[in-house]
Structure formats: structure tokens, C-alpha cells
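Here's a structure for you.
Naming follows writing order (A, B, C and D), and every chain is counted from residue 1.
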Amino acid sequence: MNRESFAAGERLVSPAYVRQGCEARRSHEHLIRLLLEKGKCPEDGWDESTLELFLHELAIMDSNNFLGNCGVGEREGRVASALVARRHYRFIHGIGRSGDISAVQPKAAGSSLLNKITNSLVLDIIKLAGVHTVTNCFVVPMATGMSLTLCFLTLRHKRPKAKYIIWPRIDQKSCFKSMITAGFEPVVIENVLEGDELRTDLKAVEAKVQELGPDYVLCVHSTTSCFAPRVPDRLEELAVICANYGIPHIVNNAYGVQSSKCMHLIQQGARVGRIDAFVQSLDKNFMVPVGGAIIAGFNDSFIQEISKMYPGRASASPSLDVLITLLSLGSNGYKKLLKERKEMFSYLSTQLKKLSEGYGERLLHTPHNPISLAMTLKTLDKHCDKAVTQLGSMLFTRQVSGARVVPLGSVQTVSGYTFRGFMSHTNNYPCAYLNAASAIGMKTQDVDLFIKRLDKCLKTVRKEQNKESDVSGVGNYDKTADVDIEAMALKLDNVLLDTSQDSS
Amino acid sequence: MNRESFAAGERLVSPAYVRQGCEARRSHEHLIRLLLEKGKCPEDGWDESTLELFLHELAIMDSNNFLGNCGVGEREGRVASALVARRHYRFIHGIGRSGDISAVQPKAAGSSLLNKITNSLVLDIIKLAGVHTVTNCFVVPMATGMSLTLCFLTLRHKRPKAKYIIWPRIDQKSCFKSMITAGFEPVVIENVLEGDELRTDLKAVEAKVQELGPDYVLCVHSTTSCFAPRVPDRLEELAVICANYGIPHIVNNAYGVQSSKCMHLIQQGARVGRIDAFVQSLDKNFMVPVGGAIIAGFNDSFIQEISKMYPGRASASPSLDVLITLLSLGSNGYKKLLKERKEMFSYLSTQLKKLSEGYGERLLHTPHNPISLAMTLKTLDKHCDKAVTQLGSMLFTRQVSGARVVPLGSVQTVSGYTFRGFMSHTNNYPCAYLNAASAIGMKTQDVDLFIKRLDKCLKTVRKEQNKESDVSGVGNYDKTADVDIEAMALKLDNVLLDTSQDSS
Amino acid sequence: MNRESFAAGERLVSPAYVRQGCEARRSHEHLIRLLLEKGKCPEDGWDESTLELFLHELAIMDSNNFLGNCGVGEREGRVASALVARRHYRFIHGIGRSGDISAVQPKAAGSSLLNKITNSLVLDIIKLAGVHTVTNCFVVPMATGMSLTLCFLTLRHKRPKAKYIIWPRIDQKSCFKSMITAGFEPVVIENVLEGDELRTDLKAVEAKVQELGPDYVLCVHSTTSCFAPRVPDRLEELAVICANYGIPHIVNNAYGVQSSKCMHLIQQGARVGRIDAFVQSLDKNFMVPVGGAIIAGFNDSFIQEISKMYPGRASASPSLDVLITLLSLGSNGYKKLLKERKEMFSYLSTQLKKLSEGYGERLLHTPHNPISLAMTLKTLDKHCDKAVTQLGSMLFTRQVSGARVVPLGSVQTVSGYTFRGFMSHTNNYPCAYLNAASAIGMKTQDVDLFIKRLDKCLKTVRKEQNKESDVSGVGNYDKTADVDIEAMALKLDNVLLDTSQDSS
Amino acid sequence: MNRESFAAGERLVSPAYVRQGCEARRSHEHLIRLLLEKGKCPEDGWDESTLELFLHELAIMDSNNFLGNCGVGEREGRVASALVARRHYRFIHGIGRSGDISAVQPKAAGSSLLNKITNSLVLDIIKLAGVHTVTNCFVVPMATGMSLTLCFLTLRHKRPKAKYIIWPRIDQKSCFKSMITAGFEPVVIENVLEGDELRTDLKAVEAKVQELGPDYVLCVHSTTSCFAPRVPDRLEELAVICANYGIPHIVNNAYGVQSSKCMHLIQQGARVGRIDAFVQSLDKNFMVPVGGAIIAGFNDSFIQEISKMYPGRASASPSLDVLITLLSLGSNGYKKLLKERKEMFSYLSTQLKKLSEGYGERLLHTPHNPISLAMTLKTLDKHCDKAVTQLGSMLFTRQVSGARVVPLGSVQTVSGYTFRGFMSHTNNYPCAYLNAASAIGMKTQDVDLFIKRLDKCLKTVRKEQNKESDVSGVGNYDKTADVDIEAMALKLDNVLLDTSQDSS
């Protein structure tokens, strides 16, 4: 409503009241103006009213929402379904242009603003989360794996001889495939066991660089967030090696924004050595739907090069999600989530320790992993090799999601590469174990339910083991009320693998 | 509501009425069942009520919506903002798994079903649109360019020696960059002028294959939908060449699904020769927001290989959009849109012809292009080389979107390759011209407004030209009321280029 | 977004594009301004984008949406559920104040504007629909019956002696109860049969006025829209009688806005005689949910008196619905609906005539009723008195809604008054019949389905009658596939009555 | 989705996952079933997913949502605007039928269920809130005042001689008008001052009953929730008088559900004497939009009589709002809100006491009022009679809503009755004062902001008073920065009255 509208309004109802309403409007506008001028995440979250007003104002700046527009091109932002238009707040043109995913669209000033602001907000949050010297980043509507691929493809043009990527082993398929897809040969560096932890073998990395020749190495591809007992790579030392040999360094920081430790590693790596880009998932760090990632770095022009590598326009949906989320939370809200996550980690750790000891097991000592925990399953594994997988299946049918059981000796071939001890990040970990993680958004109730159900499952498995060892019979399998025996029978192993590898 | 709920309902209100309500529910369920069993697009569109019931039913099958779920993984589908959850109908887990974008997720049976059904529906529609023998396809949450890149990256693993991609020239940045990004060297085949049309130079293609050696050619990368006076490539003949030399053939069918001619070309090419995959945009063919594409083909296992190349999970958003759209329209609704588009093409053609002749110009004769038209701008260009760009700018400020003016002699460098006559698909087209297209969803009103505004703009430009030629003065530029002179002055050329290249 | 925000936007993306977006915004603002200044229904409907922007702008003028508000009263517009807030577009304060439902609320300038504008728009539409000299009206969140009660309660204060309301009989419960609820004694004037039509007995009305004495008569309560074979009351003549005797005249125009004939009667009545207020349903005339009515009249101060009679605030929901609807349709859209309704009436009439003659029945000749039609059920009734009710039940179970079968001789007592021949508006109509109406929003498909199903039902009933008359048996009742015999058996009469009286 | 759909789903994705999704669905269904079977508010609130599934399931039971429905009546639940349909979850038919607002609609089994369940839930909550022996209630889509009118109109039919309603004075317009609108003569009983409190004059009530004669008294109309220093009426004693004289007793419990004290008074009154019905606002007790009330009582048949008095159908909107709200909160959520309100009352009381003493004022001692507080404004009033109204205006412009300043000696005429000392519930209260209330949903932040702003305003007013008394000048009025002097000048008294009477 403009001045004339307010004047007309004053004639319909009392001027004093309309004036107050008009005044109230100004406070919404003030927040919007601050955002556009500063490009920073507001401290306090916006309420839905301001947020929707803002999105609405942006949307009407796009040509598909012009009242007098006539379109004679091949892409005019027309929408067949009102449901679809509505769920996208009428942003239809996506983000970016042919040449560059960060470029401005003439047809869509509103979407272009949305894109710029989102990237600006996300940059602000990355700094706040610990990487203070980051200089540029952008949201890309692809998951972490494909985003890593994009980084590698960009490096190809800078390093024409390179064929190899040096990669300290982490048993997660998509980061492995990101290299394959980009057309490079991963050089797997096995981890070393230090206490219970699996850590980067720095000597092996450096030896491999020398063996292959720096020019033939596209980059080192390291990882922060990972399942215990593996811990984040030694980023500082890797960054120094990269700097020394002039090799690019790409960090897979998938769900590391939520951990100050992971972010600190990146900050330190960049300070003392070389980190070219670090890639993080939107969904895992910002509680939005799957499908977006942030590519960030310390060198403005390299990040721009990557953004120019994405050919064509792209979905604005992940950007919109993270924008809504950050404006709703405010930086204070996000900080609160980070704090709560840390507390949940302690709580989960304590509870899992207690439980494990009750069963003659123990919590693996992995102080360098700030997110994931592992509890041994030695006694289970001892009696019967099916017992570990059975436990995984039972947890799944009891609606415990995200718990991973890792048996010994599983072998898997991915894109032609064979991994022994797959899922445990090493050929031969000393024992089977179970993983649980404290991720952003976790609640006390999650921990309590998990511990309760895990306890129940362990009891059941034990009882069955005892019976089997007593009578070594097949027929006398006790059908306890709440175990879906049929589901378990149904290709137990498959179900298990599906559940336990459930990470991208 | 289950049987017990209905029984309870019957005790609260009359059984006869509840029973009828229950009966009515069955008709919604019947539609859902048919969809799941047949996997085909329903003939008649569903109403919102059935559609939302269906989406709701799917969503509650995902673990993030389980009432009793406890999550202890690093990715549990938690959402911070209720607005975000709602706009995604609470589908948070995305689609695909680490290994494969078409794979089923244990944590998300509902999202997995959504993904399968969407792909099945889209396959049905591709057949209906003319490619009857297509065997497999999948929706990928990336725009056309990046999807082409994915195809090229997949081929790399099958053709280790290949370095080149043979590409009949089309002046559109993202399809050119799709090859660069994948790490290949585009081999540009200039088009030949036949009458007004620019057509594929088949001899040059074959000669280049022989010159480079088939093994060194990754694939031929051809195009259907394009701006006049370029016309769709000669797919049949290209497909035969590919078959003869054992070279893969990838077709960029960006906005071709909407044209029976483009689809027929693909069908014929596959029948007589070789087409490995054809890629189309979701937004341009299905009136959904930018951000998705369909990769389709005739060989099941090759399409699966591509889907397995995508590392990690992906956004379900584009799939959801196209699912909602197709279920709302039904196949009859989609066919109606196709029919209307064809009619609009005739109407636009007639109107543009009439207008152009009034100005001493003519409509270029491009019968092989079923979507885009071009009108000469000879008289404009003759007087003043700025006039053509000025026309583009004027149309832009008058909310005509998608019209492209193409001046003579523009030169552009893309990723190190220099294109003379950029935007005209050839080094030296005989005259400047203006493009307009009839795309799906266009309305009579779009055509009428466009013709009216174009007429007005041409009048204004002419008048100014006459004045200038009369007095050859600078100061007496007539400031007509509705021309934003300032905007025009402001780097006119840039604006023009921005507007006219506005295609991805 | 204010000027500073746009300036900041120009620094983020190109100024030319932002300026165009800003320009586009002005066209939305222009529509809003016109609405506020003129208070008339726009000719062309608004698109959702403008509509939601407008509602959003209004809502932020209410104190519950002030960012800095602190509430220390007993009613502060707080909302517990985000779903509820959202569905009301955050209008929480309702409309009106203690003293007057049309009054302005200091706490809610936006809701107050909404209320004023809605009433203004509705007045505009009433004029457009035929009552050109109406001077005032307001939307009240009560259905027609309760709104009539409010009119009678207002009149009570002006006519202290009055005890009676003269009411030409119409067999519809809520309008009868509206008088009882207000505490008056309805004086029923039986209709006279003219041809097939039941019309107002003017002589009886005048005689009754004289008999009771004008001062003891609160008002005449007449009706326009009604089920055939009753036709709208002779409003002109009634209005003249009222004027002559100084008796108020309240017209129940429940679903009459949709018919130019009904509106014309009111206009004429007011011109030649006296009409104090006419009341119409929102849902039946404007295709919104049940729950609102419009009280309109020709004397500004009397309509204000009624609005001041409503004690306390009221729901804004019906006002919001009709506002959204009218702004979406525009006056052109509403006129189109009126035109289509008229056409459907002709079509239904033709089809029903044809069908009835095929069964030896006929369409009653009721040219004065512009909405409802009646077809005789003589042959059905002849054989078996259950057959008529059975037909009603069969139509109900076949999802034909709104068809009323009217058997002979039904007697009903309402609030202590006994009506013979209830539902037929007269003690003894010559034959049983079936009603169908052409109401606003009806589609060809409704008519076709109705005719088809009615045909099928009549066939089935006939067949059963023949069998019964052949063998006069009970056991050989033929169980045809799609007739829910059980439901029919289940207190058929009750179901029938329920269905057929289904009007408020 | 039915069994066949799930089976089809199992063929598309893994059976184990579909089965788990199907299992998860059952937990939603279980909640719905419990609700329908028990008719009680669930202890724990439902999440949006279950809630929307439930509403969706109900809606598809209404004939307007039948896929195969054909409508030939005058009211078929057609909706012109998709926005409107959506915001009502496609419930279009409203609630009730011609005869009875609680009756079941044949065309709308879903809406009918919604209505029954809502009334059942609300009854459950009234019991929980303290009136354990309530037997029946219903939600009516009218505010408290009109609902009281409906009660009085119902009583009229049972007490033909009655002309008077005995009403212990409470200065709130709509409850006074509710009697006028119903056509009765209010007999005002002045309150007596006990300490600071204004309480029911029981002797005067009984004397008036005897004077008028019990048969001529329609009922006693008492009030619980009210502004301090008036306190809730002595319900027990009034109820006994009513029982003794055989006079009905209607209680205005406007915002009393939120207070256990008010509810206890009603429970006690009904136990020891006579209470026929008690009426409460939906918005003030359940944090929903304005527009609904609950009429409740202890005699099933009397409550039914009232519900049968409402002629015609009615809006389902208020019922839907309260249903959504209660299911979202659960009884535990509602209890928590009640508890928090009580705590806020203590907090507000403490803070206001402290503040008042700092200014030489005091908090009135009104222990019987559990919701509203009053602080004297003696020192303000002493100097200048405008100062009190100025304070009200200043609070209003500072976005303090709901605070009421009550000056001495204001006289107001409502519907012909003159009230001296209007707003203070008595002719001559000893001093001017300011009201603030702790209503459900109030937050600490509200109290803190209020105290802060009130402090600031008092300071400003004092300073101005001092200046004025110093120089007794008019011209040297100090224009402090944040006081909108102009607005104040603008009919200060009017604004003040508007703000301070702002209660319905």
C-alpha cells in the first residue's frame, strides 16, 4: 500500500488508527532494509509475517508476476499448477544464468536478490560457526557429492596433467563416487589406528604425493565430519603438505558446520596451509530438506570459477529453504541450536557409556570425533555372527533411525574398487560396533527413546543367543510379541546393510 | 480413518451419512490405487483433494513423520522451519541414495515411492508426446546443461580415449558449457544456410568423425529445440552416422517435448540409427519452476548407469513439482496444452507476418522450426546500428519478455572459444532479426500484447531515425513519455545482450 | 519494501532490473489504491498475488501483528495455533465493537478496513445485480435465518405493540423459526394455486392486516427465492400494502441475488411501495462457505440501527471469504457466473421436460420461478406410496444432492405449528413431485449426470413396482447391483425427509 | 491408501520399507480412532501431520468433495475461490440444519462429525477447567453478547410473562446490549464497595425480585470475569436466590474459562443453587480469532432447546479453529497455558505494585479478581483532569494495547440508559485508575514492556504537569521526541474512550 492508499484508508476508518497501522508497517520494512543493506543474518529471528511480506515483495519483482507482462520466449516462468506456484512463493525462474549460477537474471530481479541475499546470509553463518576468514560461498542445488564433483571438474581446467585424487579413506559411497564421476582415479590412503581412533596417515599421504608427482595429483580430498571411530582428518598437516607441494585441497565438511571443532580445523588449515574449497550439506547443517550444498572458500576468484562451471540455471528451492530457515531462526536461534547439539552429544555419550557397560561392552574412546559415537558389540559378535546384523534389523523395525551396526569383515565393491572391512573405514577394525550421532536438532527424547529401545533389543538378542547355545535348536525360536520375526527373516542382511549404510 | 474410526463416526452422526462419506473416500482411493498399479498418468486430472490426500499418505510413510521415531543418525529429516516443512508437504529426505539417484531409501518409503511414480509418469508422457519406444527415464534436480554434463561424464568411463564432442553449432551458452564442464573439447560444426534456415552440415560432421577418429570422439551432441532461423538438427541422418561409426549420440531436447516435430525426430533417429540419451528441461516443457531435467533413452542399462553416476542424494523438489502438475492436468490436460501451443504458433506466425510486412520487413521462412519464429530487422539496421539494440531495450522496459533481437556482427568468447555472429548460430547471417517463440502455456493475450507493443516500439524507433537523419542532431532527441530514456542510455548494449541471451 | 530497500537491492543486482521490479510493484499498488478510493468491485478479477499482498498489508495494521506490541488486556488477538493464524491471514480481532458490528476497532485498523471495504464491495454487487437504489448493507456472520431474527428484534423497539408477523407460507424451517426465535407469532397466509404455480394471496394478507390492526403487526415477511411450484411473492403489491398501512416489510431473498428476476422484484417493490430490509445468504449467492448473510436496505439509518443491534464483536471469516471471492472474480467474473446460471436453468428445464415426458410425467409450468423446477411424480405415487420416498433415497445414495422429492400428505409440526402438506407450501398440492434447481456455479456436467441418474432410478423403481403388482410378493425383491437395499430399508422415510428438507 | 495401494507400493519399492510406512500410518489412525471413540481432548497435542490428515479425511466425507457428486439444489457447497476452499480445508457446508445448530447434515457427514467432536472436546475442557458437572455445551459462531441474547430469547418461550432481567452492574456494552437486543428491560443492580472491591449487592437483588415478582423476571444475568476493582459476582448466593424463587440464571463467563476461580464459582453455584446456562467466548479463552462462543449448562434438554433456537445453518469456522487449537495443544498444553497465566498474574501484580508505589500510587486490593488488576491514578488526577486521558492516549500510541485508564465522572448513555461513572461499574468510585489484565497467552515480555512503557509515560506526564503548574502557561508545552502530540491533540477524549472501552 502506498501513500494514496493509506490516505484513502484514513477516510474509511479513523486516521489515528490507520496511522498507527502504517507506523507498524514501518517496523517490518526496517528489518527488510537492514537485511538488504547489511546482508547479515538478523540476530533475532523474524516472525512469519515479516518473512512472508519479504518473500512476497521479492516475488512480485519477477517478470512472471508482472501484471502487464507478455512473454514470447521459450522460458517465461509460466506455471500450470496453482499448488506448485504457491509452494514456491511464485519464484519460478530459478537462480543463475547460462554462464553462472551466481549471475543475475534480467527476467527475475526478485529471484536474483533472493539468491544474492541467501549466499550473503550463509557466508555470515559460516563465519559465525568458526571459519572467520572465509571470503566467498554459494548455495548450489546439488547434494554434497555432486558439489564435490563440480569442484574437481573446475580444478581439471587448472591442472591439465592431473589424474589422481588423494583421499584418506572414509567409507561413505557418495564422496568416493564424487571423484569417479568427475573422471579421476581415487588414491585411497588407509587410516592408522591410534588407541580406538582411526586417523589420517600423514606420512602415507606425503609419500604418495612424491610417488605420483605433484602435477599428476588433482587435489587432496579430505573429510571432517565422519562416523566414529574414524575422526576428522588432520587438516592442518594436510593443508601444509598441500601448500608445500602446490596441490589443491578440497575438504568434505558434509555435516561439519554444526560442530565448532570441524569448523576450527578448517580455519586452522587455511591459516597455516592450503584449503581451496570446503563443501557442506544444507540439510545436515541447517535442518532443511535434502538437496543443497554450500561451496565455500578463501579465494574469491576460485569460488567464482566454480560457480561459473555450473552450466545453466538451477533450482532456487534449496536457497529459498535455507533463507526462510535462517531468517526464522536468526543468528541467535542458530547459535542456540549449536549449543543444544553439543549438550546432546554429552548426554548421549553418558547414556551410551552407561548402557554399554551394563552389557559388558564399552564406548570407544574417540575424543576427536565431536558428533559420532561408537559402542562395541564384542559379546554379541562372539556367539553368533548373525547377531550383529539382527540387532540392526531390530532397531530399524522399532523406528530407531540412523543407528548403524558395523559387523566385522564386510567386503564391498564400489565402482570397481574393493573395500575390505567396509563401513569401518579400515581393513580390519578390532571389533564390531554400533554408531550413534548427536546431530543438530536432536532432542533429549530422541536419546532416551534410543537408549530404551537399544536396551530392549540387546536383551532380546541376548536371550535368544542363550537359548540357541543351550539347545542349539532351530525350531524353538521364541516368538516374542513385539519383534517382527517375519521381517527379520526376510533377507536380514540386506535390510541391515541398507540401514547401516544410510548416509550420503 | 480406519474401520473402527468409521464405526465410531457412525455412532456420532447417522450411519447412513457416514457410510456414504466412506464410500466417497473409496473413489479417491481408487484413483490412487490405479496410479500405483499402472504407473501411468491418469487421463483426467485429479482434483486438489485427491492430490493432497495422496501426498499426505506418502509423506507419513517417511521416518521423519513417524510419530514414534527416534533419530540418532547424522541426517534425520529434521526441519527447523514449519514453513519449509509445509511447502515440501513434509517430504524432507530427498530422493536417491549414495549410490544411485533412483535408489530406494530405507528411511523414506514415501519419498521413494514419489520418486518411482514420478519417473513412471514422466516416461508415460514422453511416449504420449511422440517418443513411443523410449524405455527408461529419470528426473534429475539439475537443469538441462548440468544434466548433459552428467551424460558426458558417464560416457567417459565407457570411452577412455575420447577427448572430443562433435557439436553442430547452436548459440546457447549452457549447452556449450556442459561439454567444457565435463572436461571435453567441443568440435564446433558450422551450420549451412538453406533458404532462410540454418541446418546441420552432415558432411562436415562425418568428415570430422573420420578426421578425429571415432574412438577419440566421445559423442555427437545434437539439438532439437532452438531459435529460428536455426532449425532442429537432422537427427535421423546424425543417428545413422553415429550408428555407422559406433559413436554415442546425446540429444539436447531442451524444450522439445512440447513439439510433436521434435519428438518425432528423436523417435525416428532412434529407429533408424543411434540415440543414447535425450535430455529435456522440466520447466520449459511442464510449466514448473526452473531446476529439473529428464534424462531419457532407449537402453535401460545405459540410463541406469547415468543415474548411478549422480553421487549422493538429491532434491525431491523438481520431482514433486512435476508430479503435482501431471496429476493435476491428467494426460488429457497435457495434450490440450500441446494442442493450444500449436495453435498459438500459427496465430503468432500470422500476426508477426502481417506486422513485419507493414514495416517493409518479412517473416523468415523457417518451416522446420516448430516453436521459434524470426522477423527481419533490415530497415532498422540500415539506418543506424544502435537501432536494433535500442528496440530490444525498449521491448524489455515495456514488459515484453523473451523477445530477442539479434544484431549483425556480435562477437563473443565463451570459455576461451570465440563465436562470430554470436546469437545467430552462424558467422554471418544475412540480416539482423527479432525472435519470438510460441511456448507451452502461451495465451492469445500474450501474442496480442506483444504485437501491439512491438508495433509501438517500431513506430517510435522509426520516428527517431527519421528525425536523426533529417537534422543529424544529437540534442533534439524526442523524449516520448513512456520510453525510459535513462534506462536506455544506461549501458544499452549490456541490457540488450542480457535480454537477448536470456535462455538456458 | 521502501525506497531504501530498493536502493540496497540495486546495489546487489542490476539497478535496471530492480527498477523494473519496483515499477511492476506499482501496478499492484495501483489496483489496491483504486479499490480503497472507489470502494467498488474491480471489473477484472485480481490475481492471487495482488490479493495476498493486499490481505498481508491489511493484516500488519492490526495490533496483534505489531512487532513491538505489548498486550495487557483480556483480548489481545493472541493465537495458539499457527495453522489457525495462517488460515485467517492473521486477522484475529474479528469485526465490529461492543456497540456496533460496523464500528471501527482501535486495536485493528486492518480488520476494520477489511470490514468497510467488504461491505462497500457487496453493496456495489447488489446494485449490479439489479437493486440499483439500495443505499446501505452489511455482512453479518450469521446465516439468513438468524439475520432475519436480528431484523425483527430491531423492529421490536420501534413497534412496541406489535406481536404478529404476516408471512405468506413457504415451507422452509429456518425462515419460520426466525420469527419464533425473535419472539413473535407468525400469521401464516396460505398460497393460492394459479395454474401449477403457488402465489401470494394478496387479499388474505390485506384482510389479515385489517383484522389484527396495523400497529399489532410487526411486519410483513415475504420471500423471493423458493422451491417450485411456489414462486416469488408478489413483492410490488405487498410493498404497496405495507406502505398504505405503515407496516414494515422484510424480504427473505435467501438465494435471490443470483436471479435478476428476484432482484428486479425487490427494486420494484422499493420503488412503488415499502421494503425496509432484504436479507440474502452469502454462501448461496457468492459461492463461499455457509455462515454469512447480507442485510441490505434503502434507508441508511434503519440499516445502521440493525447493525447496532448486534451486541459485541463478530467473526470476520465470512467477510474475508466474500472479499477474496469478489476480488478474485471481479464484477465481470460475477456477471459471467450469473449469465451461466441462467443458461443452465434453460438447459436443466429442457432436459427435465424431455425426461419427464418419457415417463408419462410432466414439468410443472412455473414461469415465475427463475431458479427451481418441479417434475410431477404422479405415476410413481399411484402404485405405491412408498415409491416416491424410495426414489429420494435412491438419488441420495447415488450422490445426487439437492434433489427433493415431495410426497403428498406429509404433516409436520414446527415449534408448535402444524403444517399439512409440508414441503409443498400448501395443504394439498394436486400431485407428488420432484424438485431440481439451477443455482450459481452449476455445470453442464451436473445436469447431465442428474438426468442420467434420475433416469436410471426411475427405471429401477418402475421395474420393482411392476414386479410387486404382478406377484404382490415380498420375498422376490430384486437386488440390483448398485442399489444399497440395506440403506434403503433403514428407515427410508427418515432419510427421505432429511434429504428433501435439506435447505436452510 | 488402501490395501491394494500398499501392495502396489511394495512392488515399486522394498516391501519391508512400505510395510514400515504402513505401520507408521497406523499410529496416526490410532489417535484419530481414540478421538472419535472417546470424544475427549487427547492429553498430548497432535502434530500437524495427524491433524491435517484428520481434517482431510473428514472433508472428503462432505458431498461437495465427492468425486462423483452432482448437485441440483440451491446450496451445494460450491466455492468460487480456491483460496477460500483451501483456508476452510474444503469444509463448505457449515454446521447445523434449519432446525438446530447441533443437527447432522445429510450432505455433510464430515462437517457434522467435526461439529460433534468439537462440542465434545470443548465439554471435556470445561470439565477439566473446573466445572466438573457440566452436562452439555455447544459452540455457536456468534460472540458472547449475541449468544447471551440467544439464551434470553429461548427463555422467553418458557416465561411468557417475563419482561425484566436482573443484572448486577458491569460496565461493558455488549452484555448490556444483549438484553436490549433480546427485547427485555435490564434492571441494573448497583454494586457495593467492600474495601477496594466492588461486589454484588445480594440484598438489592432479592429485594428487586420480590418487588417485580418472580414471574416477571426472565432471569438473573450475572458475570464472572470483569475488570478490577469489580470482582466476579457472588454466584453461589445468586444461584440460591434463583433456586428459591424459581428464576433462571444465566452467567456471562466471557473470559472465565482461563481462571480456575471463575470456573469454581460456576461449579459451586450449580451445586448449591441454580445456573441454567453459562456463556464464554472462544477467542478470549482458547486463543482463536474472534467470533465464537460456547453455551454450556447442567440441564441437557435446556441446552438443546437453545441450540434449536438458532434458525438455520451456521459457520463452521469458529468450531474448526477451536478444534485445531485443542488438538494441537492437547489437554496438557491447555493446562500449561492456564498455569502460565496464573504465574503471569502474580508477576504482573508484583511489578505493577512496585511501579505504583514509586509514583505515590497503589495497587488496588482486589483479591477476588483473578485476572484484572487496577492501579490508582490519584496524583495524576489531582493536578489536571486531562492528565488521565492523556496517559491513555500515550499508551495507545506506544503500542500498549488493552490497558484501560478510567477517569472519574464519565457519563455514558447506552440504548437509552444513562450510566454515571461509566467504565468504573459504579456511580462514584473513589479515584481514577488504570487497568491491566493477565490473560491466557500473556508472556513475561508483555509485562516487562508494559511496565517499562508505563513508567516512561508516567514520567513524561509528571514532567509536563510540573511545568504547567510552575508557569501555568499553555504555550510552553514541551514537545518530547517520541510523543505524537498531534495525535493526542486530535480529540484526545475520543481516542481515550475508544481505547479504554475496548472490550466486548
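Operating definition for what follows: a residue touches a chain if its C-beta (ideal position, glycine included) is under 8 Å from a C-beta of that chain, and two chains touch if they have at least 3 such contacts.
For clarity, every value in this text was computed on a predicted model and none was experimentally measured.
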With a step meaning a move to a chain it touches, how many steps does the shortest path from subunit A to subunit C take? 1
Taking CA centroids for every chain, report which one is farthest away from subunit B. D
Chain pair, B-C or B-D, that carries the greater number of C-beta contacts: B-D
Just the number, please: Cα centre separation of subunit A and subunit B in whole Å. 30
Separation of subunit B from subunit C, taking each centre as the mean of its C-alpha atoms, in whole Å: 48
With chain centres taken as the means of their Cα atoms, state the distance from subunit B to subunit D in Å. 56
What positions in subunit A touch 2 or more of the other chains? 14, 16, 20, 24, 48, 63, 66, 68-69, 82, 105-106, 396, 399, 495, 498
Spell out the residues on subunit B that touch subunit C in their complex, using ranges where they run on. 14-16, 19-20, 24, 82, 396-397, 399, 487, 490, 495, 498
In their complex, what parts of subunit C are in touch with subunit A? 1-2, 4-5, 8-9, 12-14, 16-18, 20-22, 24-29, 31-33, 36-37, 39, 47-50, 52-54, 56-57, 59-63, 65-69, 82, 86, 90, 104-106, 109-110, 112-113, 116-117
In the complex, subunit C residues that touch subunit D: 48, 51, 63, 66, 68-81, 83-84, 87-89, 91-95, 97-99, 105-107, 141-146, 148-150, 153, 156-157, 172-178, 180-183, 225, 227, 254-255, 281, 283-284, 286-292, 309-318, 321, 324-325, 328-329, 337, 348, 371-372, 396, 399-404, 414, 436-442, 445-447, 449-450, 453, 495, 498-499, 501-504
